[in-house]
Structure formats: C-alpha cells, structure tokens
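Here the chain labels run A, B, C, D and E in written order, and each chain numbers its own residues starting at 1.
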Amino acid sequence: MKEKDIKIIEKEMKLANEGLPEMERDLFADDRPSRIEPLNKYLEQFLNWARARSLWILAYGTGCGAIELRPLMTARFDAFRYGIAGRPTPRQANVFIIGGYASLKTIKRIVRSYEQMQGPKYVIALGSCTINGGMYYDSYNTINRIDYYIPVDIYVTGCMPRPESLIAGFNGLKKKIQAGQCDGMNKYADNFDWYKANQKQIIKDWNMPDYNW
Amino acid sequence: MNKISESKYKDFVADRSKYPEMENGKPVIDLDSHKFTKIWQGPQHPGVTGNMSVEIIVNGDEIVDAKTHVGYLHRGFEKLMERRRYIQCFPIVCRICVPEPDTNEYCVSAAMEDLAGIVIPDKAAWLRTLNLEMSRVAGFLMWLGGQAGSLGMGAIGQWTVAMRDYWLDLFEEMTGGRIYHMYMIPGGVRKNLPLGFKERVLQTVDRTYKLLDDIERVFLNNAIAKSRLKGLGIITPEMVSEYGIVGPTARASGIADDIRINQPYLKYAELEMKMLTSNIGDAYDRTELRFQELLQSLDLVKQILNKIPENGEIQAKLPNVLHWKIPAGQTYIKAESTRGEHGFYMVSDGSKYPRRVFARGASYTHAISVLEKLAVNITISDLAALMVSLHTCPPEIER
Amino acid sequence: MKEKIDRLRKMVNVLQVVEKHPDLYFITLEGNQLVMALGYLKNTLNFKHLAFMQAVDYLEDNKFMLTYMVYNYELKANLGVNVFIDREESSMFSIHRLWEHAWQYQRELYEMFGIDFPGSPRVDEPFIMESWEEMPPMRRDFDTLAYSQKTYFPRPGRETNDPKEQMKKAKYPNYPDSPKIRRDDE
Amino acid sequence: MDIFIKIIYAAISILVATLYGLILIGIVHKIYARVHRRIGPPVWQPILDIIQTHGRKVATSHGIMFFLGPVFRMAGGMGTYLFMPVIFGSVVFSNYSMAGDLLLVMYFIFFGQLGMALGAGEGGHPYSPLGIARGLSQMSTFELPFSLAVISIAIQYQTLNITTIVAAQQGGMLNWTLFTNPLAVIAAMISLLGMNMHSPFSLVLAPQEIPIGPPIEMNGSFLGILQTNRALFASAKLVLFMNLFFGGATNLPIMMLKTFSIYMFSVFIGAAFPRFRPEQSFRFFLRIPTLIGILSVIVIAYL
Amino acid sequence: MKLKDIIQPLTIWKRVAEEPWTIKDPLTERPGADNYRGFHQNDFAKCIGCGSCEEICQNAAIDLVPVEGQEVKDGNSGLRPRIDYGRCCWCALCVDICPTGALTMSNEYTWIDDDPEVFRFTPGADKTKWQDDEKGYSRSEDIALINFDRIEMEEKAPEDRDKSFIEIVKGYNKEQAMLEADRCLECGLCTATCPAHMDIPAYIAALREDNIEEAFRILYETNPLPEICGRICTHKCETACALHNNGEAIAIRWLKRYIADQIPAERYKEVLGTEHLADPKIGHKIAVIGAGPSGLSAAYYLAILGYQVKIFEALPDSGGMMRYGIPEYRLPYDQINKDIDYIKSLGVEIQFNTRIGQDIPLEDLHQEYSAVYAATGLHLGRSTRIPGSDNSEVYFATDLLRKFTLGQDIPVGKKIVVIGGGNVAMDITRTLARLQNQKYGKVDITATSLETEDIMPADREEIVESREEKAIIEPGWGPQEIEIKDGKIAGLHLIKCLSVFDENGAFNPKFDANEKKFFKADMVVESIGQGMDLSYISDELKEKIKMGPRGRIDVNEGFQTSVDWLFVGGDIIKGPDVINGVANGHIAAKAIDKYLNAQKK
C-alpha cells in the first residue's frame, strides 16, 4: 500500500466505533493491535527456527481451497511430518490459509479470525481468487484481492493449487519465517487504519452476530 | 416428531415432553434466564461440513433450537453465468460442489445440448458415464471419511481421503485436472482415454475394494459407531417428500428413487444395477446405504470400462462457440450425484448468454429445513455426525 | 402424463403445455390459481416431490416467471409449472403449507429477486447475503461487474490491445476513414 | 538428605519426565500415523510445538483466573509426579515419596482438572464450560473404578505409600499386582483409558464437537504450559500405574518400557474406536469397570 | 452391543506394518499427469496474436500485449497473450480454441511468491522454467470449438463449364453463408492485410446477425465494388485469416459476394442512404481518367462527398481491366454493371471512347475541372524478349482478352503455350482452353511459369480449376527460346528455374541449364506482367511531374503528384489488382477533398 493512500484514508475515514461508549466499542473489534518487536536477536532466531517447524493451521476452510487441505493433511501427502498441524481455534493457530475466494460474509469472519489469532501469525493465500479475483472477478459477493483486508505472506497460484503447490507454499513460508521476514502482523498493526478502512468499505454491518465471548 | 413415536422408531426417541416448555409447537427460549446458551457452530468449526454455520441454542448440551446460516460461499454463479457465453459456463459450474464437480458439468452441458438439440456421440456418452461414476466413487470416499471423522475416528478419514487421491490421479490422467476436471464440454468430452487407463482404473478399483473391506470391519461393524449412529436423525418416508429429500438420504427411508434407474440418462440404461434402499432412515442406515452405493459404483465403473467402445467420435459438431446462440426454451436436466438429485434448470432466450441457470443442489434442503428439524433434541456431540449423515454440501445451497 | 394434465385442466385454466421430453412437461398457469393447482397436483395427482421453485427475470416484459418443478414418484416424470407475475411490487402466494421446505426457496427468492411471499416463515430474514444494501442481486438490471469493480479493488495494471487496432496503428495509421455521405443541407 | 539436593534431584526428575512424556507423545503420534498409513511427524515434534507456543505473544485477556488456570493445571501435574517414586531404589528419581502419598497423588490428579476448570471457565467461550462439564463428569466417573482399584490394592498391601507398594511387588513378575489382584488392575486400566483421554473417551477435546473444549481460548505460553503439563501428567500417570500395578521399575529403561507398554494399551483401543457420547462414556464407567472395582475390593477384603 | 463389533474394529492394526501411502518427496516425485492442465506455454513461432484466447477467457484473465521482437506482419498482430494468474482458472478453453495450436499448457503447477504482482506473465516471452516442457495439455485432435473446414462452395462441374463462359461459382445460399460466417473468430487480422482495409469482421458479424443491410453498408464504407470484389478479389485477407494456419480460411470473398448478391440493384440507394445524392451538386467538378476499379472507386467517394465527377474512358464500356481483362466465367458483365450503374446513379458521368491525350489534352481538363484523378491502368503487354518472341503468333494476354471482350475474333491455336503464372495467365489459359474446346473439341494448352507451384502468384483455385478444365500447368521453368520453323512457331524451349528471387528478395532468377524441356506449340501467349502507357501526359507536363524509380510517377501518400491538381493512382502506382485500385481511389478521393478544401480557405 502506498503511504499517500494511507494518509488520505486516515484523514477521511474514522473508525466505526469512534465516539461510542466503552462497552459498545468491543463489538466492532477495532482494538488496535500492537507491533511485535523481537526481544533479543539470538532468541528470536531460535524462536523463528522453531516457528518454522511448527506451523499450526487454522481449521477454517474459507473457500474451495479447503478441499485440498484434506489430502494435504491425510495419508497421501501427510503434512504432519513437516510440522504442519491443524488447530480448531484461531487463538492457537498461527497460519491462516485463505482457501481461495472470500465472499462478503466470509471476509468478515476471516478478518475476525485473523484478529483473534495471536502473533506472530502468517497468512497463505491460495489460488487465483485471492490474487486478483480469479474466476469470480465480476461477482458481486466476492472480494478481488485479499491483501487489501489482511496482510499476506505467501501466494500460491493455481485453481485449485494442488497439495504439492501448497507444500511448496509452506516451504516458502518456512524460509521466510526462518529469515525473520514474516512481518505481516506488524504490517497489519502499522497500517491498521488503512486495513480497517478497506474492510469497512465492504462490510457494512460490522457488528458480528451476537456471539458471547 | 409425532409420527416417529410409532412402532419401529420407538426405541430411539427420548421423551422430551416435559422440558423445555413448549408454546405453539415451539420451545420457549429465554436466553436471559441463563438456562439456555446460544452457540454458533461454525463457520470456523471443524465439525461443520464446509463453510457454513449452525446457530444452536442449547440447554446443557442438548439442542433445543437450531438455525442454519449459509451464504459464506455464495459467489453468485447464476448471476455470473448470465453474463458468460454458453461455452464459458461449464468451467464455472464445476465449482458449485467441490468434492464432486462432474455432476454439475454434466448437467449444464446436457442442458445446453438439450436446448440446442445436439446429440452427443456414443463414445462421449460412455466417457461421461465413466466420469460421473468415478466422481461418485470419489465423492462417497470423501464423505465416508467425514462420517467417521465426525465421530472422532480419524483413521478412516485418512484412509479414504488418500484413496480418493488415487482416484484423483486417475481423473488427472483422464481429464487433465485434479479437482476441477472441466471435462464434459458441451457436445461431448475433451479427451480420449489415455493408453492403459483401463488397467489402472481396475487396479484402483481393486485397491478400493480392499480398503472398503477394512473399513467395513473397522467402522461399519464398530460397536461405538453403531451405538452413536443408530437412532440419530431419523427421516420418515413422509418427511422425504415434505422436505424435498433426495438421493441416498431418501432411499435410506425406503423411497425407491434413483434417477439413474428411474429416468436413465447417458448410458445408465445399459448398465446392470439394483435399486438400493433401506427402511429405518437413521444415520446408520444412511451410512450403510451409502457404503453399499459406493460398492455399487465401483461395480458400475468396472461394467462401464468393459463396455466403452474403442473408437468413435468424442464430440458432436458445435457451432463456433464464440458466438453460439441457443434457441429460446427451458429445460431441466438432472443427474444422480452422491447426494441425490442434482439438477440444472436452464432458460435460454435465443441470445449468446443463458437467460437463467439455476442449479438445484442435491442437498439444498438437507442442510437447512431438514437439519433444523432433526437437530432439535439431540446433543451437541451428535450434531456433526448428523450433518455429515445428511451429506450436505453448503455451496450447493447458496451457489 | 397427458392424462394428468387433462385432469388438471378441469380444475384450473392451463394456458400452455410444452412437452420437452416424455418425462418433462412445462405448463403455464394463471398466478391466482397456482396454489390450488399445486395442491391438486400434490395431493390428488401424486406429484409429491417439489424439486425446486425459482424465478426468471424478464426485464423487457416487466415480468417474473416463477417455475415450480414437481415430480411424480410413480410416473417418474417431472412437471414444471410456470406462472408469470408482475415485476413491480412482485408478490406471490406462499406454498409453505404444501411443502415444508418451500419457505427456503421463498426466502431465497425474496432476497435474490425481491419477490415477496406473505406469510412464509422467516421470509424477510437475510438468507445468503449479509448487510446487502443494493437491489436484489439476481435481478437483471443489477450489473455485477460494475459493482465488483467499484467495490472490490481490482488489481490495476491490466491493459489489453485489440489486434485489429494494433495492426492499424502499426501498418496503416493514416488510412482515411470512409467519407461521410454529404447531406444536402450541409 | 539435604533438602536442596532433593530439590535439585526433583528438578532433574521433572525435566526427564517431561521430556520423556513429550517424546512419548511424539512416538504415539508416529504410531497413530502408521495406523493412518502415513509417515507421521518426527518424534520431537511436541517439543518444537512447545517452543513455538512459548514464542507467541498473548494479546488477549480474560482476567487473572484465566491465566492461573494453566498454572493450576501444571501444579496438578507436578504434584502428581512429585509425590511418587519413579524408579524404585533410585535416589534421583525417588521424589518426595512418603507415607500416604497415594492419597496425595490421587488428590493432585483431581486438582489439576479443577484448577483448569476455574481458569478455562473465565475464557467466556461457551465451548469451554461444555468441555469442562464433560471433563469433570467423565473424571468423576472414571475416578470411581480407579479409586475402587486403589482401595483394593491399599487393602491388599495394607499401605498408602507407593514406595511400599512397589517394594512389595519386587522379586519376579508374578508378584506384580497384575497377577496378585487382576480385578483391580482391570478396573484401573479401563479407567486409564478415560484418564488418557484417547478415543473413545476423548470427550474433552473432541475437535468435531466442541473444538478442543476447555483450552479453546488458551494461547501462547499458557498453551505451552498446558502442553508441557500434558506430557508431564502423562508420564506421571503412567509411572503411577506402573508403580501400582506393574511392579514399578528399577532403572530408567525398564521404566520407559513399562510406561510405554501401558500407554500403548490406550493407543491400541483408541485407534480402533470412535468417540463416545458423553452420557455413553459416563454410563460406561459406572457400569462394568465399577462393578469390577467393587468386585476386586470384595475379593481382596473378604476372600 | 455384540462382542464381534468390539473385536472387529481392532483389525485396524492389521495394516500398521505395511508401507505408508505417503509420497516421500511430493515436490520432486509428482509431476502432473501427461495431459495435466498446468501453466501456460506459448510457441511464438506459431502464435499470431489473434486474441481468440482473450475472447473466450471467461475470467478476463488474458491481455494482449506487444512483445519485443514480435513484429506486426500480415496475419500476425505482433501481440501476445499475457495471462493473469490472479484470474486464470486453468479451464484451458484458450488452449482449445487457439486456431494455430500455439498456446498449450505444461504439466508444471507450482508457483509461489510473496509478491502478488508477479503472477502476470507472457508465456513465451518471460523466461519460465516450464516453457520448454513437452508434456501437458494441448487440444485433442478429436475436438474443436471452432470449425476449421470451409463450407463447400458449389461450382459448376468442369465438364459443364469448359466450353462456355457462364459463371462457374454458384455462390452460397443463406444457410451456407450463415454457417461460413459463423466460423469467423472476429480477430480482425485480415483487415490490415486487405489493401482497402475493409472491416471484414464487422460485416461478417452483421451477416451472422442476419443483418444483411448493415453488412452491405459496411462493405460500401471502404469498397464501392462489392459484387466485383466478391468474385475476383485476390483475397489477401484469406491468407491472413487466423484459421488459415491450421485449416481453411474463412471464405471472406464469397461472403462478400453473398452479401452484395442479396441486395437488388434497385434497393442500393435506399439501403445505403444515398437517395438524396441523385441530383447533385455543389462545389467542384472533378475529372477521372479511366473507368477501372480505381477510377470508379475515386468517383464514388467523390460523388458521395458531393462533388460532380466525370469519368473519361478510352474504351467503349466501363470497368477497365475488370471487363476487358477478366473473362466472363469469373466475373459476369451484369455484375460489373450492377456496381457501376449504382455509381452512375449517384450522378457520375462517364464519357466513353475518349482517350485523354489523344482526344482531349490533359491540361485542358484542368481548365474545367478542379482536380484530375488519372487511373489509366496497365494495358500494355510486356514481352519476355526471348529469341522468337517477335513472331506474329506470339501474343500478349491482355490484348487477347480485351479483343475477346470487345467481340473481336481472336486467334486460337491448336497447341498453345502460355508463359506466365499470374492470374492473367490463368485467365487467358482458361479462355483459350474454352475456345479450343469450342473450336476443336479438345483442349491442348500449357501454362508455364518461372515460379514453382507453391509460390505461383495466381490464386490456388485458379490453378486447380485450370487443371480441371484440362489445361496443363507446368510451373518452375524459364523460357529460353521460341523455336521458329518456317516463320511458324514450332515450340518453346525451357530450362529449369531454381529460384526466382535472391536473398534480398529482388527479382533475380537462377536457372539450371542442364535440365531442359520443350513444349510443342503453334501459338505462344506472353503473360508476364503489364506495362503502363503514360502517353496521355504531354511532354511539358511530364517535365513538371516528378518521376520515381522504374518509370513510375512519384506520388505522395494521397496519390498527388508534384503537379498539385493531378492525382495518379490505380495499377500504375500500386498493384495490379482490383482491390488495390479501389483502395487507391478511396485514398485519392479523400486527398482530393482535402486538397480542395484547403484551396477554398
């Protein structure tokens, strides 16, 4: 994103919960995330080494990409042997796989899930649809590019990307993590207003269904 | 529930007459009383079938009210097809149901052929039949893993999904695509069978038989699986037509309706097959019936391979597809997918673009009307199993 | 099948019968007789299974065509029932009392086409879309591409060339256009 | 003995037990993988996972109790482990075994769960209390046959000191409780199935039903602590069972072999069965295993 | 709960010791299947940039972009598809429709990157690791999304036509025309190759939409002689047709003819909206010399611009070479008249039998007319100048054809040899063959040319049809000497021609003197090109006019000579063929209009 854009948006857009009483602000999930700074260079290197070998995917198949996650996680491709495992809750996962197109209703959940994930967190975007809309480029209900709403670390192209491509994507992600270049989360924190503005532009009803956590 | 309290269903149904209080046939639910909790099962939940969610209200862990929410996968296929040329429709529709895309391809191609008055060559029809039946095998294998997985038995899922992968390898060889085959082009199919394909299919069929043997022992004859699935989500024959239930789910309740037999399309009339039905209509019955259908499909694949002609055209002559116009009319083409009647209703108005295409997903009602009814009075632990046993596919609903 | 339709004729006014296949007929009925006809079809003529109900937008004629596809288990045949309704203030009788799952289709039609079915349960609850503010998207006058481009940030940098124009640019940029026929009044 | 040396020894013991527990979990994953016909993760994967979770940042807060939950749980695991001898006759691995430690150990088995319940309940996610309810109910039910088995062997050996019980079983395989009091062992082994929470008793985590239940909101280091505890608690339980029923161990390899074999029992059953419904599980424990337990007490006490 | 049901599940352990199903190294062990639809490849040697892939892509994933090193050529737009992998769905419709088979897919499928902008590439131009993969998807021979075979055109059978001059080609009927029009890909590559740049895809599209009138209007935008061009155009467009690469080109010429045939002559004005032009006039008067295609074209466009035009024609009827050069079996005279009568009806006057230079001096025209467009064409024969070519039995093809049309008797030998491989050579061959047939009941005529058959300038079907009419075509021989015995021709000596053009493309034939051939003949016709006759330009004027190389008049791009009122075009500048003449006339008309408008101010 260009800095100019951010500045314009910062000026023009206000967060939707601005001016609301404290209690109601929570509903909008507008809490500003904070950057994650490494504590110590060597410790961070060690942690990155471990992080690259223990990737926990959020078990949320957002689109058709989910279909290839099953072969990936089962006997034929067995991603477990690479330290890739599924987690059923966003709190514990650190890799979010956007399985292709994201519909309007899903992008809202994607953003919410992404925000619930605890950093350092990584996003792998699968398939053409995440890059430039894919075959749904003209659909009224699917977004065109996921990087406007959450930061993405690795794109895997294909429709569907095969499990092998996905493994290649994970390898790429691992390399990036180990090199300490996966700063999607910090990018999100730094450009929070820009991301929020984009999200708000399409998600009119920001209030989630009455979920009581 | 009244009808269920009769005879053969009696053993399975608990007496829920006392609690919660009912008013006009609906439970009185006051969320503020702290007796009830509202839970959103999904969309991010490993137990739901795909990207959908069920809003359930529980009392303890018993569900007193359920509402299905879909639309997370809505891409507006029908709208998109209205601005795509006829030829451009077949690559897009296969995305409607990912585990089993071929039925969509077949229906939309067949609907176009029906409206345009094109008759596909004999060999193309055989290849389509083979493709459809193979996709049924793959679809059932995927579902079987899901059904076992919903009960917490991961091994079956690992086996069947891997076995499905061997079938996908075959698809890849045959069609050039792994998940989305995009094989049944209007007018016929796109490729002939590769060399030695028949032998490889037969090998895979044998492997699958062997695996299913194991699965029958481990899963279908499993005491705990039986105890959990029996009596779960009973569908009575009356419900079948009331709720528009189709396919194995209906046949498990004793409705003998299989499109492949009743209204044979492609080459199904030339194949030997028996109508498989069952009569209790609970989740176990459905599981077992689908398992039998899977075996039947494997048998059909073998039959088809023996009957495919060696030579022949694979595509009828099409006009230039870039400006192919189809005369005005409407038609409804249906095919038997793993979930049942999968149909395409197509209306053309004589232009290059379809006026309206509607995909009647087989599980359109299974996941909403039926699930909402059956989910009440079971516990949270059974919801996933129930959902899988209805074999829902959310993108079919919202498209 | 013909016999069943003839029996239906005694009940209601059948405007048109089209035989698409021996096991697929389409008939056109009058809107206000629809519920009666469907009830008769279901209860007496044994068309028990409602495969689907859908709408087709005929923007030019300012009409919606509703299609009800019913199926007879004994005859093994489908019958599509078409009715035309007005596109403005579109509204139709609900059939949720005939089929328990019809409300689901009616809810979808309400959302995607804006056709109202008074009395149908949960008909105005959002079904597929969430916080949708535009016109019902399946209506033909809704331009999905324009909406998508306006709303969802297509990735810039795409530009294409027409081969014909490109060749003109390269090979005969100065070739004169066809002369305009001179009018007398010029 | 000098208390400080004892503490150092205990620390070493805990470290070894934890690492052993982690590797054990890794091995079990590998075995499950073979059942699934795949290769499976490396055996040290659980260790990497723990390092990774500790490397995460925690940005959510649900109050102090929420964070104390894992600590309680860890305390339960450590407590269970610390008060029993791991290797009979070893100084380093004798821990704080003392008279009556059996009761203490049984208390700690409970303690961890309760602590967790307090913490996870604060998470606010509806699946947490559901998981806790399942966990606690199931624990109550499997504790019944287990307690009966313990009572049975307490009567048999006339002591509540684990070291003494182990000592009594020395001198040949036939001295093991397995052969001297088989009914109690059967009851206890069945309840071990529940304790290990493998299928068919994996009610608490049940990903398809209440996605992983109580720790659903846990993350970062707190999850790491829970994971560590799982390993420690697993080895503690196994050591307890080894001590009570399988003659204890006199050196590390024997200990590992025996505990591994005991663990394999749950794995053997777990791979083959799906999950029970909660009420099925509760009823299951309250029927046959309880009867066997009662029987074993009666047999030991009156025959 | 049966005991069996508890024991049986434990058989799950049965296969635990078996080899796992897992693929050890999926990234290297698993190539896609042999016909896997992986990433795209494009063979630039085949690709013609027609844009069919872009047209059929339902995801709007393909852009056509200019690529370095790919030039714009006839039948090749120089554009290449750039594919956006942020859109592609790998349906391979682009591969299936590609008319040349250039676009294929490899079986490579892995591409990851952290920059979303990179997934847009031009296969073939951007270096990719899969660009030379041999496996992967390509269109099966058994299927086609477009029709590569031309709809058969009905023709008179050779035995029915070889004696008469009735038109051979019957023309499409409506159904055939629609089917043929349906084959068009609308790429528009043909438009550039057509000298008149007719909007071919547009009129074919209009035809397909059953809108003949619109199609007819489009024809007249760039070509006022559709009936004529629809029959005898050299149809360079068809060689540029995208389908020509892998099948038969669209029958553009026949479709044009079909369109023109559908509109009866009396409806022309109504359809084209020129009813009001019948009684002109405003502005200037313009003279056109020569009523050939170029002159008529210029006259037509000048007329619809509102000028008063008068054509001076040396021969007794209009049409120039079209009438006097092309035999009637190819172009019936009534069709020529149909086109010309319409032009005349717009107020264009034609004065016949008036040779400028002889009857009226060119300069005199300038007194009365504001501008003069001279399109006098090539009517002089050109000689081979080989020994014996000065014999009286050696004729020029153009002379014979003209005389034949004028109704004069022309000599018909018993054994004739025609030297030349162009369309005129074919015309004279077939005309003489018919006359031989009429006269002697058998055909004995041989046409020979320098060029071998694959580079012979004549249309393919001309050669085929000539042979059907029992004429012998012997290409690839250079004439050496006409053997004269007793003042009569005995025959023609030839030697093998190895190549016609040198490396620079200049005319420089090479022969192999050892390989010889001899054709017996009693009559030889030379048809190796025509020469221009500039005698109508007076000497004074000639000095003022700048001349170009090889005796041609130098003109600017609007066909204006250095004498600003004199415009020269047609065959004498560019050609020779009808469509070039039409194009020249069109350009010249616009240039004259511009010139006169500039003068006014």
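Methods note: contacts are C-beta pairs under 8 Å (C-beta built on N, C-alpha and C of every residue); 3 or more make two chains touch, one makes a residue touch a chain.
If you're wondering where the values come from, they're calculated on a predicted model, not measured in any experiment.
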Review point. What chains touch chain A and also chain D?
Key: B, E
Practice item. Please list the single chain whose C-alpha centre lies closest to the global protein C-alpha centre. Key: B
Practice item. Sort out for me whether B-D or D-E is joined by the greater number of C-beta contact pairs. Key: B-D
Exercise for review: Averaged over CA atoms, how far is the centre of chain C from the centre of chain D? Could you give it in whole Å?
Suggested key: 62
Check your understanding: Approximately how many whole Å separate the CA-defined centres of chain A and chain B?
Key -> 31
Review point. Using the average of all C-alpha atoms in each chain as its centre, how far is it in Å between chain B and chain E?
Key: 56
Check your understanding: Could you state the distance in Å from the CA-based centre of chain B to that of chain C?
Key -> 24
Review point. In chain C, which residues are in touch with two or more of the other chains?
Key: 128-130, 137, 142, 144-145, 155
Practice item. Would you pick out the residues of chain E that each touch at least 2 other chains? Key: 9, 12, 15, 20-22, 32, 58, 84, 86, 89-90, 116
Exercise for review: Scan chain D for residues touching two or more other chains and write them down.
Suggested key: 33, 35-39, 126, 207, 211, 271-273
Revision key, fill the gap. Inter-chain touches occur between A-B, A-C, A-D, A-E, B-C, B-D, B-E, C-E, D-E
**Study point:** Residues of chain E touching chain D in the complex
**Key:** 9-10, 12-13, 15-18, 20-22, 24
Exercise for review: Quick one: which bits of chain D touch chain A in the complex? Just the residue numbers, please.
Suggested key: 29, 33, 36-42, 45, 48-49, 51-53, 55-60, 123-126, 207, 211-212, 215-220, 223
Review point. Okay, in this complex, where on chain B does chain A touch?
Key: 38, 40, 43-46, 50-51, 55, 71-76, 79-80, 83, 91-92, 95, 98-99, 142, 145, 157-159, 161-162, 164-166, 168, 178-180, 395
Review point. Contact residues on chain D for chain B in the complex?
Key: 32, 35-38, 126-127, 130, 133-134, 199-200, 202-203, 206-211, 271-280
Exercise for review: Using the touch rule from the top, collect the residues of chain E that touch chain B in their complex.
Suggested key: 1-2, 4-6, 8-9, 11-12, 14-15, 21, 32-37, 52, 55-56, 58, 89-93, 96-97, 137, 140, 142-147, 179, 182-186, 205, 208
